[in-house]
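First subunit A sits with subunit B, and in the next complex the same chain sits with subunit C.
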Partner chain A sequence: MMMRIQTRSRVLLAGTLLSALLAAAPVALADTPPDTLVQAWAIDDMISLDPAEAFELSTGEITGNTYDMLVRLDANDTTKVIGGIADSWTVSDDGLTYTFKLKPDIKFASGNPITAEDVAWSFERAVKLNKSPAFIIQQFGLTSDNVAEKAKAADAGTFVFMVDKAYAPTFVLNCLTATVGAVVDSKLVKEHVAAVTPSDEYKFDNDFGNGWLKTNYAGSGPFKTREWKANEAVVIERNDNYYGEKAKLARVVYRHVKESATQRLMLEKGDVDVARNLQPGDFDAVSKNADLAVTAAPKSTVYYFSLNQKNEKLAKPEVREAFKYLVDYDALQDTLLKGIGEIHQNFLPKGILGARDDNPYKLDVAKAKELLAKAGLPDGFSVTMDVRSQQPVAGVAESIQATAAQAGIKIEIIPGDFKTILTKYRARQHDMAILQWGVDYWDPNSNAETFATNPNNADDSMNKTLAWRNAWDVPADLQQETKDALTERDADKRSSMYADIQQKVRDTGPFIFLWQETEIAGLRKNVQGFKLGPTFDTNFVAPVSK
Partner chain B sequence: MSDVAMSRREWLLSERPQSRLQARLGRAYMSWQRFAANRLALIGLAIIIMLLLVAAFAPVLAPYSPVAGDLRQGLKPPGWEHWMGTDDQGRDILSRIIYGSRLTLYVVVLVAILAAPIGLLVGTVAGYAGGWIDTVLSRITDIFLAFPKLILALAFVAALGPGIENAVIAIAITSWPPYARIARAETLTVRNSDYIAAVRLMGASPARIVVRHIMPLCISSLIVRVTLDMAGIILTAAGLGFLGLGAQPPLPEWGAMIASGRRFILDQWWVAAMPGMAILIVSLGFNLLGDGLRDALDPRGAGQ
Partner chain C sequence: MANTADRVSTRGRRRSGASSLAWSILSFLVVAAITFLGLITVTFFIGRVIPIDPVLAIVGDRAPASVVAAARKQYGFDLPLWDQYLLYLTKALKGDFGNSVLSTYPVMDDIRRVLPATLELATVGTIIGLLLGIPLGVLAAVKRDSLIDQIVRVIGLVGYSVPIFWLGLMGLLVFYARLGWVEGPGRIGVAYEYSFTPITGLFLVDAILQGDWDVFRDVFRHIILPGALLGYFSMAYISRMTRSFMLNELSQEYIVAARAKGLSETRVIWGHALRNAAVPLVTVIALSYATLLEGSVLTETVFAWPGIGSYLYNSLQNADMNAVLGGTIVIGALFIALNLLSDLLYRVLDPRTRT
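Moving on, here comes the complex of A and B:
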């Protein structure tokens, strides 16, 4: 009896082992299908796929790949704009009217032809829905009352866009590359429009298809969205009706994976082809792995710390300058920011029109001490700094604390979550704060306006730019220059004006610019053509193959 | 046999002490003997004395500055140059742990000084007065006890603002209730005894009775309890530091050091492991010492 049980259990054991091996085998060989690119990415910020509503990082990438705009950023030189749906465009002599000729005989993914009516309706719904990204179009003087007049189809192939001031054409075109200007298939969306009861906030009797488009697709990009399961996955498929060069792969799957370590493991095992949220440690490990490759690109977010000019010590020009010499930029670049950021001492991120990339400041304690002595503070002083308790910001703040201490400035770090710090910052109650700023739209004005203008430095100002938040009374000539740059019609001249504004803000402003964020990705070796762009809507996946 | 010939030990253990002093010293000596018989308690004591010495001579012992680092020397593994390695800011971890012992002692001592008297006062007053005073004080104690300690401390720190002084206050506020319970229980056992009645008959005021005749009786069990709690206090302080609500950078508080080392736990284990080890050893020391003291000081124990 004993023997028999033992034998049986031995058979059982062997069977278990065998089945375990069998089960393990496909896992070990798990490769993604050859016509599909699988990306692991934290996509829990996604709340809507409607281009008139979506303003998040992940949706930016989906919209950028699945929709088309009138004009697009040139992937090879993002300071330039190329045609999207528009074939060519002209600007009237008074600078108020933009006429776009559409590419002939192009179709939406549904097969419907793309006409100027679709473009006009897309603008109309974006302005009327008035969701978070709507201001990018509305700033040209478009309101729900005049949008039908200001953005209209002259004929099936001609779209006319009228602005309220003679802006720089580069400014207008740059803004039209934003995903809010994506052209939707009006015929298809209109089949799914839902009725709503008008109210004071929303005066219209229908939702312009917003409810349906949140989870569905009506575009014309190189890919079409097949499905989005919240916090699980987004699947986009090749659009065979696309007029341009067709996507190389049949399908791209974005899998929601939050943890960096999990993404690294999945990438190492071959469960995914691309990992998008790797932390520096995991990124290091991936870059050393022979089966894997890495890629990186500067993104549009700039990190800085600022000095509130309400603090009379920080308001002294010498103190402002001294702080610029009290950051160990080189060491930060080599250690805490390695792979995730690049030292950048100007407010415009690299890749945008007019961006400077010179970094004149270096750690120089002696020079800073000299400046402090000139300011009448030879022994330094005490000051607080609000810091988000998250890396790499917290580590950088500690490093600044240590280098500033060498010049006698005692920084007390106040940790907090982002919301608390932002509330304090907006109420101008901080001494110093280390924060980041991402561009709202791909034009230098987005940052210049906030860093270099402050129309009213009073506490009750309506215009709460970053200069206002730090109570910096921006010199009138600098404000004027920023205003002029917005209407400068010559692109080269405009670019050099922004270079000048950046230098003035860098040299005299209460901002110490630290670094520009770098987006990184880990790839399987067989993935070809994967290139990150400067914005999320230029992270194009159509050229990717494997 | 003359007094001179008597050895010091015999003098201390004399059955018939000649003076009050001799009696007290004799009692203390017996306690010490009971304590010393416990090998583990002695180890605990040695750890705590070490901690005191390290804290006192931190500037002499620490090989580097605890706050100034060189970023490029960051995350170096333990070696001859840096015995415990360096952290992400390039600071020497050994030096930080040595200076951190001062913060740990500071927290522990301040909490003990703040919390124990509060607990003692509340407990003895409640126990001696009885009636509605007892009910009110006991229920307040119960309410404080009903909250998890760390959560309550978190709430207080959130209200007071982060910082080591506020962490001390928050921990003190949350750690007095057990002392009040003990003191009350001790008071209840002695309040009706004959010698208290005698003092009362001699006209002593309730305040005098509580302070002069009841509190001294509660102190030994309180000391034991406080010593045993020291480990808990250190852990709570470290917990607050870990959550970013205790000591603020660049102070080398052990809990905060673990928090910042957590990011490197897989590849640079020493950044979090070294301060963790320090907390482990010191907490263990206080626990062993507390156990030994309980055996030595327990008034109900043998020999009294």
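Moving on, here comes the complex of A and C:
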């Protein structure tokens, strides 16, 4: 009896303790702090904060908000650039020398002055480190041997950039808005340079501060990075030394949350102010909630499916054309892509110089059958399609499978994960594959080069453009036109050249362009001024208040 | 007990007992080493035959051919598979498990960062599973075919058949979104995240060490739901096993003898039967703990828990084989250590194994 009472009172005690722990938490936790914006976002792609190394989407947003470039995209018209650190610039008559005058008396977050030396050193380290985004600068003829000459400070306030050909100035300037061109605080970073042993792959005796800058910060943007905990969170704080308009909020916290349903719960509960990875169902529910709001913007990623020209049936021009009539674009727009994508039949995403927005193709089974008959395949054929087992792609592939079947084409869907499909695609072992392509830098050449050029169609080519991956021997005149557009110095003329290239690729190429991705976000009602840009580095959070 | 009387006579046996213990530990270590080698070998070759180009994970799809080639050489992916394997093995023996190609940090540093989160969650889960599972299992065995027995069966059935993913979301929906009893996903609230500096990485322990009770409460409110979820699955397993071990013990003759001696039923069940059932239960608990350590990927995803499960999953998807191998080795080591521990406990609990 005694023992029983003891047991009971012990249970009671434990119960009391438990409920005390679970009872009302401190009041501050009911909402996010008033001076802090908390965003739930999948940030597990982040591998480094160093702008010379980072080429991931989520890092793009952090760099865009915490660093500054020489020039930046005009948020109101993203086909144009405006000054960042540079106040003004001139291009020499021969088109080879760009001279940038820096804004006077501007400072890094550390308080160090921003000089042309900092710009030159930022370019030098990006070129020499030779990480994934380095080619955006290297493509102007910069190498580790000549970078000190080609990108240098004429004086403290003047930076000179020399290119190897008379490129279109729009091309050069657009590339300089990329985050790889972010200006780092050379005085600060040089305090943290680590020695390395030179090797065949890396000829230098130091790491240009890459090891330190991976997780630290040395920039001049409206925010400064306080902390990055991999797969957990990134915290950025207002930079009071910023020369432009100061950020409205003191802090922005990006919390790594992968699940859409989890993000939605946290948003509804008020534990986060913004949810960034909502799937259509959750997005729908958020848009109907009176306490919440939604926002959306077209992003630079274009989805397409392609036909490997090594397959002789797919190589017939009529078959290529027939597939363009075998997609029920309208149905896709109304169902699977509702809210998250817009039908787009050209390789340049909307918002970039020269982008077309006409969508001439519609589902037309009769027309496709006619084309197949012309190709000598009146009864259709069987073919495989590699598809990522993820929505909306998987659903879109099933829809294409159904419409193609109406014309007698039997598509066998091979589900896989992205990296596996990509490996196969890069080895040209697919029949058809449904994939996406995001621009590498905000210039039409980024996509034109990959969709409309294929300098060497041999299996051992070093240049694995998307045209090469589908073994498309691009007509010589189209390749030449793409090359010429790169050096067309008249912006309007250049723009119309790309319009023409897009049309040719769309009508004759082995690519069936499907849609342009829309980025969406769910917000608490009290969040003001949150606007998504066309790229991740233009998702600016400085104007946000609540 | 007879222990005191036996003390003199056991003295002579102790030496041989100790050396047999040393012998069995030694043989265990040999087995562990072979297991390890097998584990590394199998994981290595599986990792290399999956149809993903590992260089893709390092430099991305957009890198120019020269960068791809340089990376392939730098990471040794251009060598024959066998050489790559030997290279890995020699380095691993020296304690160098390479760098994660995704994070670029040494794999073991990465794991040191993510492991405590999983360890803490699995420990909370196992404690909950133990505290509820054993009493439930005992009651179910004692009151066989009664209502409580049926309840235990249903709990077990649900534990085996309901996806943890769904249960996790439902738990969040009810206890976090509707009732507000617990905190949502993540380990700690935003208000504390940047004022709190972890020491061990086990936040509950750290909060106690620092005497910060607000943080302790916040962390507790974060961990209790995913912990209870894992605890539920652990409980389902432990209660089912306890029940069957107890049924086995209760049918033994010594129970009849104990009852005949006039011992109270409580004493018979909790003192005698459970004590004996506890011996095999130790293994069950150790296994269940190990399962929670490696099998919580989905829980970690739903609750945005930055642990080793999601780390390994992400690494595997990106063919980051150094990270996958390192993680496999650490989890394998934990498995083996837990097995060793349960073997040692076996000896403590079961006098028959001492000689």
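Basically, the second predicted complex is superposed on the first by the 518 of 546 C-alpha atoms of A that agree within 3 Å, B and C clash if a C-alpha of one lies under 4 Å from a C-alpha of the other, contacts with A are read in each partner's own complex, and residues count from 1 in each chain.
The rule is short, and it goes like this: contacts are C-beta pairs under 8 Å (C-beta built on N, C-alpha and C of every residue); 3 or more make two chains touch, one makes a residue touch a chain.
None of the values given here were measured: they were computed from a predicted structure.
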item	value
Subunit A as common anchor, with subunit B and subunit C clashing or fitting	fit
Subunit B versus subunit C as contact partner of A:Leu478, first or second or both or neither	neither
First, second, both or neither for A:Glu227, with subunit B first and subunit C second	second
Partner chain(s) touched by A:Glu398 [first = subunit B, second = subunit C, both, neither]	first
Chain touching more of subunit A, residue-wise (subunit B, subunit C)	C
Touched partner set for A:Asp334, first subunit B, second subunit C, both or neither	first
Contacts of A:Leu37 with subunit B and subunit C, given as first, second, both or neither	neither
Touching partner for A:Thr423 - first (subunit B), second (subunit C), both, neither	second
Partner chain(s) touched by A:Ile434 [first = subunit B, second = subunit C, both, neither]	neither
Least C-alpha distance (whole Å) that remains between subunit C and subunit B when both complexes are overlaid	9
Subunit A residues contacted in one complex by subunit B, in the other by subunit C	261
Interface residues, subunit B side, partner subunit A - complex	67-72, 74, 88-90, 162, 244, 248-250, 260, 263-264, 266-267
Residue ranges of subunit A touching subunit B (in the complex, touch as defined)	261, 279, 281, 285, 328, 331-332, 334-336, 389, 391, 394-395, 397-399, 401-402, 405-406, 412-415
Residues of subunit C that touch subunit A when the two form their complex	50-53, 56-57, 59-67, 70, 73-74, 102-104, 110, 113-114, 169, 172-173, 176-177, 180-186, 189-191, 193-194, 214, 217-218, 220-221, 224, 266, 301-304, 306, 310-311, 314, 317-319
Partner subunit C, residues of subunit A touching it in the complex	3, 21-22, 25-26, 28-29, 32-33, 36, 38, 40, 44, 47-48, 55, 130-132, 134-135, 200-201, 214, 226-227, 229-233, 235, 253, 255-259, 261-262, 265-266, 268-269, 271, 417, 419-420, 422-424, 426, 440, 462-464
